[in-house]
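Note that the chains take the letters A, B, C and D in the order they are written out, and that residue 1 is the start of every chain.
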Amino acid sequence: MSTAAGADHGHAHPWYQAHHFKNMEQQNAANKFGMWLFLVQELLFFAGLFMAYASMRFFYPGTWLEAAEQLDKVMGAVNTIVLLTSSLTMALGVRAAQLGNNGQVAAWCAATLAGAYGFLVIKYLEYSHKIHVGLLPGKWFDFKELTQTNTDAPQLFFSVYFMMTGVHGLHVVIGIGVIFWIMLRALRKDFSPENYSAVENVGLYWHLVDLIWIFLFPLLYLVR
Amino acid sequence: MSSSHAIGHDHEHAGGHITPLPVYFAVYGALLVLTVVTVAVSYMGLPPLQSITVAMLVAMVKATLVGAWFMHLKYDAKFNVFTFLAALWFMASFFVFTFYDLASRGMVNEVTGQHVLHKDMDEQKK
Amino acid sequence: MSMLLPLLAAGVARADGGQFWMPKAASTYAQQVDDVFYFIYFTDAAFFVVLMAAMIIMAVKYKRRSEDDTTPVIKGNHTLELVWSVFPTFLLVAMFWLGFRGWINMSVPPADSMEIRVIGQKWNWTYQYPAASVNGQELPGFEVAGADEACMQRIGDPTRDIECNAPIVVPAGKPVKLVMNSRDVLHSFFIPDFRAKKDVVPGRYTQLWFEAPEPGEHNVFCTEYCGDRHGYMYSKVKVLPQAEFDAWITEQREKAKASGALTGAALGEQLFASKGCAGCHKLDGSRLVGPPLNAKFGTQENLEGGATVTIDEGYLRESILVPGAKVVAGYPPSMPPYQGQLNDAQVEGLVEYIKSLK
Amino acid sequence: MSTSTLDGVGHGASGTNYLNAKKGLMSWLFTIDHKRIGVMYLATVLTFFLAGGLFALAIRTELATPAGDIFSAAVYNKLFTLHGAIMVFLVLVPAIPATLGNFLLPLQLGTIDVAFPKLNLLSFHIYVFGSLFLLYTLVTGGVDTGWTFYTPYSSSSADGNVVAALTGAFILGFSSILTGLNFIVTVHKMRAPGVTWLRMPLFVWAIYATSVIQVLATPVIAITLFLLIFEKIVGIGIFDPALGGDPVLFQHFFWFYSHPVVYVMVLPAFGVMSETITVHSRKHIFGYTAIAASSVAIAAVGFIIWGHHMFVSGQSELSGTVFSLLTFAVAIPTAIKLCSWIATLYKGSIQWNTPMLYSLGFLWIFAIGGLTGLFLATLATDVHLHDTYFVVAHFHYVMMGGVLFALVAGMHHWWPKITGKMYNDTIGRVTFVLSFIGYNLTFFPQFVAGSQGMPRRYHQYLPEFEMWNQLSTLGSYLFGLSLFIILGYLLQSLFSGKAAPRNPWGAASLEWRTQSPPVEHNFEGDVVCTYGPYDYEAHRALKS
């Protein structure tokens, strides 16, 4: 919201202050509060997926344990570490923005992007393996070993798996977009200790993506 | 935008609370350790209930670390913390009440409670 | 005004057996439900009259006299606010409690209930009665379903559907437990006279019980939207005196035993009636929901999408099991699939029966 | 701001206002002015209301006779589905918050704009984009799942339009979320000096509570619809019993949003009432804190009572009991509001003008709607009444009567501020009588038909219900006619109405301190609030 021209009614504003805010403190607080409310709706959006997981697991406990064996714990763990690392680099990027160091912001954003792409690459490897052997959601499910031993709807686990990781992956993709935007703005030297809430909000978003994964990983991969 | 008791060189700044670098690295280290712990526990072959309890506890600790330090909730305006917790509260109400229905089906009437699998459906059709 | 009239009417109607709001109570727990209903009703009416009278009287009394009217500053009154917060609470708790008692009563069938299976399907009900041994003779269970074809001729008359669809027959003065599930989508089994209702869910069983003290006939509606002919999914409960019921059920069981020997077209004819085929397909060449089936075998039929097909055994079999595969042009694809519901001999019988129709 | 202009007549010195400050279509479609966005919402919402209303009249026409003789069953089912979907997703949810809320929130808080003006515009564009999907389904043959999209009917339906309708509703959800988010931040961060929490008009409190629900509940319907879309495309099977899922679980997902959303519709209506009743009685609101707190309480409790839609759905008996008990808890704050409004009339100076008449009409209608809700919260009686016309009548009394009467009251109340024109009050009052009679005649008989056992969504019905249905159909024509008259004289006022003074009703809240219509940046100077929105004493003292 920072591109609107200031100086509408008398006062001299810095270029990044929108005309309807009285001062930067108000603008920053509003931006951050708005972001938190956005994260709130993200959490409730994911709540539906977690509820779907919980109820299907409740109905088919045996299937859940059996089907989860088909996931690759190592891949999942590596991906967790990749995402945690990108979360750290993002936090450091925000810190650099707080200090007004645009160069470092861009560098940390680049590091975060590397993590995000790494996550997607590993996810891609996992997906392509599953697609190859027929561990697919819903009616596409075609994995003989499980359908022979387990008639309790084994496809449901993979429905839930693909919906959860898919929606999460979509968030990663969106994250890549906004982090890239922040990186470009940092290269343009947009940020200063007074004006960094865009970096901070993107950071908050990225940490939430991380936060969701922190729960997805054990629920899908680890709980035997 | 206030900070009162951070470790290290804590000072008021236009950029809000500046968390010292070592804190970030310490949090990151703790997250890595916890990830290793949770993976290790999964190989111990605990029964499902204990396994999921441990996994969720570890995840909650990790989430708290990310929320408090990476997301600055520890130093943030209290209302933002409240907002975050309110979201968790409403999520919880969604889980608890829905799950209460699923779990209590059949407590009053046995037949109502049976969740018939689709394979039973086929049998019943025959 | 619009409220006062029914209010008055309700008062009169109550003297007349209380049937202005609720239909005649015909199950053991219906009166209990009605009592709760009227408790809430009169509480509501009292509140409504007091509130609206206050509103109207003040609106008239304090109508603005001049543009310079001043008003006293009254920001609230804690006593009053406390009264109207706490006092209704007691009434609400009473409502909950009465409703809860009735609900528990309606939810828990007596142990000696007679069990009948109810199957909902677009758009009719099937009732399955259990097998029994009568006088040392093993008699099979049987199904009641389908529509009376002659009755179905009265197109456009809503009472047709309720009169022509097979009723569920139950004994008077004995608790009956319906164990229900659906073959396709959600339905709901509703008997207004009994104050009984429960959704019929695919994939699980739900149950409903009632005891009708008196013989009689009562309407059954489907109250969960289930597609095209949801508004036509009627049936009836026929309550018979115990002795008549016993005679009826024994007769049906004996018939079922006899029809077990049926094969071919005769079996098909029996299924055509009992599976509700006649509800959609007529045999005199005129259209209903589906195409007529007489004199069709061996002819060409145009399909939805432009293709044509010769009506042979294969096409008939496919159309019974998976009707959506090849739909006749000009008709909605609304027939439910019978895959898994008919065995081979039954499908064979239906095909033979359709072949035999002239 | 100089005090002498407080109730002054006429426009500001320059004669410019938000309506004529910029010209051209683009200056509207891409405006970030909350007032213009509010007006655009109003125009769009009313257009969709017209469409939904015509569907309603078509339904009532079919039901004038017991036989299903005018439309085929398939067409009838599409009519009520589209009626429901349009009315809920396109009309009732944004009806007051996005229209009057958008226009008034910054004005009543004494600020220039909402916290995120561009986001506000984005909400509107998302709304229009989402509505295109519903329009697409409409012109390509409609959907017949019912607006509730219950599985497995919706998931097993072969109709491709269902996916389009689901996508539309999914997109519309984000419009609602972003509006709510924007308003919450606005209330928290944008209040003018002197506008303390307890000096906010009750309309603002209502919008605030509404926004909280929008942000918390709407994401759940979004993910539900998302899952349902994939249920249809991939057959993921979470809600479809044929694939191992549970259709009752879908209802939990669905009502976790769709119950709170009735408060998204009706809380702003409460807010409008708190304004119109006080202003046109020229009397301080009775029990300000109780009304404000009850808005928030309704929003909070409204989240844990959704199971009362599912008493007979196959939900567990114990769960039903808990939900019934909690449902009664929401009756208390609602009763507090109703009593407080009526107490506000005491010793007031009540003006019998159009906005006040609609407000009193609202109280009548909402009292019936609220009180009949008790039958449906009570377990034993709900078993009988669920999914009958009793429920139809109940939620129309609450949703449609409540929201619409409040919207019409609000439109008349703020029309001078929004358009700068006065309408013909005499026609307004006469039309009120017509609409009030028409409304009650439409929906009251449905209570009787329903408790007698007439199920909803029936294309035909038994002859014993005929009288009630005919009364209802007659009423719906009267009501429809009255709405056209309202539209007519309001539109006419745009062209030949008298210029509206700054503060035609002598109201004390901030939006009346600026000129009518307001200038582009809302106020001619900085606003400092020194007294509460219902403090007519202080207002008068300042004026003289």
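In this section, contacts are C-beta pairs under 8 Å (C-beta built on N, C-alpha and C of every residue); 3 or more make two chains touch, one makes a residue touch a chain.
Everything numeric in this text was worked out from a predicted model, so none of it was measured.
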Applying the document's contact definition, name the chain pair with more C-beta pairs in contact, C-D or A-D. C-D
With centres defined from CA atoms, tell me which chain sits nearest the overall protein centre. D
Calculate how many whole Å lie between the centre of subunit C and the centre of subunit D, each centre taken as the average of the chain's C-alpha atoms. 34
Express in whole angstrom the distance between the two chain centres, defined as the mean CA positions of subunit A and subunit C. 48
Whole-Å gap separating subunit B and subunit C, where each centre is the average of the chain's CA atoms: 45
Whole-angstrom distance, CA centroid of subunit A to CA centroid of subunit D, is 34
Which parts of subunit D, given as residue numbers and ranges, touch two or more other chains? 188, 216, 220, 241-246, 248-249, 252-253, 314, 317
Residues of subunit C touching 2+ other chains? 104, 107, 202-204, 206
Touching two or more other chains - residue numbers and ranges from subunit B: 79, 86-87, 90, 94, 98, 102, 108-109, 112, 115-118, 121
Within the complex, subunit B is touched by subunit D residues 188, 216, 220, 241-244, 246, 248-249, 252-253, 256, 303-304, 306-307, 314-319, 322-323
Per the contact definition, I'd like the list of subunit A residues that touch subunit B in the complex. 25, 28-29, 32-33, 36-37, 39-40, 43-44, 47, 50-51, 54-55, 58-59, 61, 65, 73, 77, 80-81, 84-85, 87-88, 90-92, 95, 97-100, 151-153, 192-194, 196, 200, 203-204, 207-208, 210-211, 214-215, 217-219, 221-224
Across the complex, what residues on subunit C touch subunit D? 1-3, 6, 20-23, 32-33, 36-37, 40-41, 43-44, 47-48, 51-52, 54-55, 58-59, 62-65, 69-77, 80-81, 84-85, 88-89, 92-93, 95-96, 98-107, 156-159, 162, 184-186, 188, 190, 192-193, 195-199, 201-204, 206, 219, 221-232, 324, 332-333
Subunit B residues within the subunit A interface of the complex: 1, 13-16, 18-19, 21, 24-25, 27-28, 31-32, 35, 38-39, 41-42, 45-46, 48, 51-52, 55-56, 58-59, 62-63, 66-67, 69-72, 76-77, 79-80, 83-84, 86-88, 90-91, 94-95, 98-99, 102-103, 115, 117-119
Could you pull out which subunit A residues touch subunit D in their complex? 1, 4, 8-9, 18-20, 26, 29-30, 33-34, 37-38, 40-49, 51-52, 55-56, 59-60, 137-140, 152-153, 155-156, 159-160, 162-163, 167
